[in-house]
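In the two complexes that follow, subunit A is the common piece, with subunit B as its partner first and subunit C second.
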Partner chain A sequence: MKKTKAVLFSILIILFFFNLSFPQENLSPLPPTEVRASDTPNDNGHSITVTWKLSGDDGADKKNVVAYEILRSDSPTGEFIVRGMVPAGNNTYQDRGAKEKEDKNYFHPHKDFYYKVRAKTLNSYSESEVAGPAQAYGEWFHLGKLPVFVGTVTFTIMVLAFISLARKGKEFYVRPLAGIDAVDDAIGRATEMGRPILYILGLGSAADIATIASFTILNRIAKKTAEHKTKIIVPCNDPIVMSVAQETVKAGYLDAGRPDMYKEENIFYLTSMQFAYVAAVNGIMLREQTATNFYLGKFYAESLILAETGSVAGSIQISGTDEIAQIPFFVAATDFTLIGEELYAASAYLGREPLLLGALKAQDLAKAIVMISLALGALAASFHLGFFLKLFTVQM
Partner chain B sequence: METIGIWIAALLTLGIFSFLYKDNPFYKFCESLFVGISAGYWFVTTFWQVFMPKLADNLIAGRFYYMIGAIFGVLMLLRLFPKIGWLSRWSLALVVGTTAGLYFTRYLVSNGMVQVQNTIIPLYVKGNLSQTIGNLVIVIGTFSGLIYFFFSKEHKGAFGGLAKLGIWFLMLSFGASFGYTVMSRMSLLIGRMDYLLGTWLGLIR
Partner chain C sequence: MRRQLPILIVFVSGVFMVIQYFIPHESFEFIYEYAMDWIIIIGIFAMLLGLWSLTRASVSKVQAKAPGWGFSVMTLVGLATMLFLGFYKGNKSIAEGTFFMDLFWYIYTPIQATMFSLLAFYIASAAYRAFRVRTVLATILLVTALIIMLRLIPLGPISGVNQWLASWILTVPNMAAKRAIWIGVGLGATATALKIIFGIERAYMGKD
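Then we have the complex of A and B:
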């Protein structure tokens, strides 16, 4: 026992001497310098951006700084609270807050704030000088989105110009689309067989571009079915889509001069759940023995299940969607497919209305501009001219 | 209780699978159950996740401008009364018009500008043949694909040739996408089989 005590005492003596003999290594890292706080540009006024020069102890060979903490206060001498942290090597932080006053993280615009940046090691830290005051304020226009604004204005002008030309009677050529040319035959087949037509608008909302295009096609098909006295069934998976579809089909029957034949119960809501909807539509296909199935709109994983069931039932099938991942299934399992933008073009091709034709022509002109930009851009990039790319760069 | 749940899920799975043979009463029962439960579930979810937090809570908190949305909602319900049902068109027009307008800029950025941005790449990368070929494929594929979707001109001559090249590019990418998705569907089938043979019957572990 005495021996153990003597050993421990000796160790303590040695440690004491070592502590006195060698200077203690300073564990605090060098602080960050040149801290700047300023309003974050192009935002809604609830954020301040803090930048700093990295600590001298932040680098590949001096990895003792592991992170930077950003602290904020209402006054330069007040209490600073931690607002966020970034890993070592980063020298920017956006101090964001909520815009709702009730939110506990509300960021007050037009108010002075002071910032400090703390360089942290695993067991120590050092703080920068206080920076500020800085105020957050919102901008009316997001300059980083200027290309979007220019694109929108240009495209709108093009659409209006082409609509105006179409209204003045200018004839516009639209190339034939195989899927749409087959519509008349498909309706004729259903009429001859005395079986109904099934029209699926997909799973999109009423505001999806594909669904809107599908409404236009539905209107034309409803008109033809009314002329041929053929039943059309439109099961929907969205209540608003169902309401618009009812109006669309009713207008088609009215155009055909057969409003008496319109039956609202044939355009109905099933469910909003994807696969429950598919199960019900599959049942309808087999029980009603539909002669022709149209799948036009926004489709997801259900596309192949629907198209396969229709194929088994022996229906003629015409499909179209702008969902790239689903097009292969429609190509494989249906008779005609409208690929992507062909769906939008089909509504103009069928309707021949100035509004739709004008929009289609404007799209073509926009595509021509994009093609020229691509060619020039690729050439510019080949010669290392970066300015061209900046024209299309959008900051979000 | 858990055992009953497993049995119900397994029998309903078999009921839905029975459609592969032909339409039958068992499938009809499963289909009706599925549709009914999902529609009811959707109603309850919408009530608690949309109606209550987005409308009722805001009205209770005194934010009465939310009444504008409520009025448009009520207009939709007027479809139930044929004489004044036309008023629902105002709500439909508002929903379709505003959402389409909001989507416009989003699509312009994601489907237009970002695509162009990612296609502005050098046609020749010095000392890197594979990247040069890759870049050429991207630029030519995009260019010819765009030509295919050009509707104002008949696809004839050189223009038609480029459009045909475009559809080849599209079909190749569709083929790859088809294969990829079929494999992911196989994993769904395996998951279901695993449930039936493992969780239910205990034949596989």
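Then we have the complex of A and C:
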């Protein structure tokens, strides 16, 4: 037994000295190089972007660098604190901070900051040289949105130009829309049957452009219902929408010269909850046996439930929305559907005012420009002409 | 002046909202967020208007014994109950486990889910109507819908072809149509916004 212990002890001693006879392998990875720190472009001024060249020990065949830590300090010799970490293989980090001064993570704009990047292995690390100083500042124009800006300005000029032409008396032809042509018949039908008209503005808020477009259509329809002495019911799911709808309908009655017929209680608030609203509106359809239902505005999953109930009640139904997912439901379940942009054009069609028709023609011209651009873009992509595609690239 | 002032406010607000989209500077960000906060505040006050409107409509229906007046009674009872339970203990009233939340989770939520689930039956009835083959377009719709629906079902040797065809329909003609609508919607929305900003369309403002 003693002999065995002595042999084991000897082996351990030999292994110990054998190990000491070789130098320890240096486990620190090569540090990242060429570290740069600069203001993040197109932001609000509370961020600095740090870039670097990857460590020589970061790669598929080396694999010992697992991450990079980004450190920041107020001075090149001061204490550096860790601001963030990115996995190996990444060479960019955006050091973002809060814009509120009371926030602990407040990022001071227009102040010098110094950075260094630390390459980390599982049990060691190495640091780059200090980079900086760098300052964060907010930009006054988002260069990445330049194509949108150019498009918006061009389109605005086109709209104003066509409106100016309309003011000078130029007449514009607009193609007929079946859904719009049916409005008069639908109101006439309700009048003959002695039943009310139901107008649904959808679930959008008063800030949604589809709801705003629907207000303008409501105004024209209210005017026609006043002329026909037909009751119009407008249940709303938003109190602000209700207030605007009341004013809109009242204006329609005033335009028709029948302010005495306007009844505020017919434009009322139900609930802001989606399916509770649907249940209430369905109840109104079935109880009042509305002759005509208009669904114009922003609609979601409730569109088909509303339209199918209206169909069961035997109402003539005219719908329109810019929600693409709901258009097939409306096409299947209602008699006439205004698809997408037709919702926005409906007001001009109903009003027949030259100024509004002028804006429609501007839209047509813009569509033609978009179609030409699409064709040119397809050709440019086919022939690898990157410069043309870059003209339309938007960075958010 | 009563007419001009709202138009001026709309113009200034509209132009600001367009400009701020292109300016990332924090001063514009601050004004934008401030305006958004005001929308929330106005929305909360408008809720009082909504409450008043709902109560008035329901009470007048009950008084007139209009058809379905019982539903109005239920509406008023539900409204009063939830308001009372929601307010009588302050913030604690709407904590989990309270009677208010029990009513919300075990009555309101299942009713809402029931209404939503009706959609399945309505899809069936709408599909029946849409697929009735009467015209060439309806036939195309029916055939296309069949191809798309059958892609989820194993069809033996033709499964691969059907999957490829369904994928092509979704990514080529369907996507092209969607994008066409999106472009139209974008232009239409911009034109409508411009008409409102420049005061050309003012029907939504009402009249004096």
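A few remarks follow.
Quick note on the criterion: the second predicted complex is superposed on the first by the 379 of 396 C-alpha atoms of A that agree within 3 Å, B and C clash if a C-alpha of one lies under 4 Å from a C-alpha of the other, contacts with A are read in each partner's own complex, and residues count from 1 in each chain.
Definition applied: contacts are C-beta pairs under 8 Å (C-beta built on N, C-alpha and C of every residue); 3 or more make two chains touch, one makes a residue touch a chain.
Remember, it's a predicted structure, so these values are computed and weren't measured experimentally.
Of the two partner chains, both subunit B and subunit C are touched by A:Met273.
When the shared chain is aligned, no partner comes close enough to touch A:Ser28: not subunit B, not subunit C. Ranked by how many residues of subunit A each touches, subunit B and subunit C are led by C. Once the two complexes are overlaid on the shared chain, A:Ser243 sits against subunit B and subunit C alike. Once chain A of one complex is fitted onto chain A of the other, the partner contacts of A:Gln94 are absent, as it touches neither subunit B nor subunit C. When the shared chain is aligned, subunit B and subunit C each come close enough to touch A:Glu341.
Applying the stated contact rule after C-alpha superposition, one finds that A:Ser38 touches neither subunit B nor subunit C.
Once the two complexes are overlaid on the shared chain, A:Trp140 sits against subunit C while remaining clear of subunit B. Looking at the shared chain after the overlay, A:Ser382 reaches subunit B, while subunit C stays out of its contact range. Once the two complexes are overlaid on the shared chain, A:Thr393 sits against subunit B while remaining clear of subunit C.
Residues 148, 152, 155, 205, 207, 209, 212, 240, 243-244, 247, 270-273, 275-276, 279, 283, 287, 301, 304, 324, 327, 329, 331-332, 339-342, 345, 360, 363, 366-367, 370 of subunit A are contacted both by subunit B in one complex and by subunit C in the other.
Contact residues of subunit B toward subunit A in the complex are 16, 19, 22-23, 27-28, 30-31, 34-35, 37-39, 41-42, 76, 79, 88-89, 92, 95-96, 98-100, 103-105, 107-109, 112-114, 116-117, 119-124, 139, 142-143, 146-147, 149-155, 170-171, 174-175, 177-178, 181, 185. Listing the residues of subunit C that touch subunit A in their complex gives 18, 21-27, 29, 39, 42-43, 46-51, 53-54, 56-57, 60, 67-68, 71, 108, 111-112, 115-116, 118-119, 122-123, 125-127, 129-130, 178, 181-185, 187-196, 198, 200-201, 203-207. Within the complex formed with subunit B, the residues of subunit A that make contact are 147-148, 151-152, 155, 172-175, 205-209, 212, 240, 243-244, 247, 270-273, 275-277, 279-280, 282-283, 286-287, 301, 304, 324-325, 327-329, 331-332, 339-342, 345, 349, 360-361, 363-364, 366-368, 370-371, 373-375, 377-382, 384, 388-389, 392-394, 396.
Note for the complex: subunit A touches subunit C at residues 42-46, 99, 109, 138-142, 145, 148-149, 152, 155-156, 159-160, 163, 205, 207, 209-210, 212-213, 215-216, 219-220, 238-240, 242-244, 246-248, 250-252, 254-255, 265, 268-276, 278-279, 283, 287, 301, 304-305, 307-308, 311, 322, 324, 327, 329, 331-333, 339-345, 347, 351, 355-356, 359-360, 362-363, 366-367, 370.
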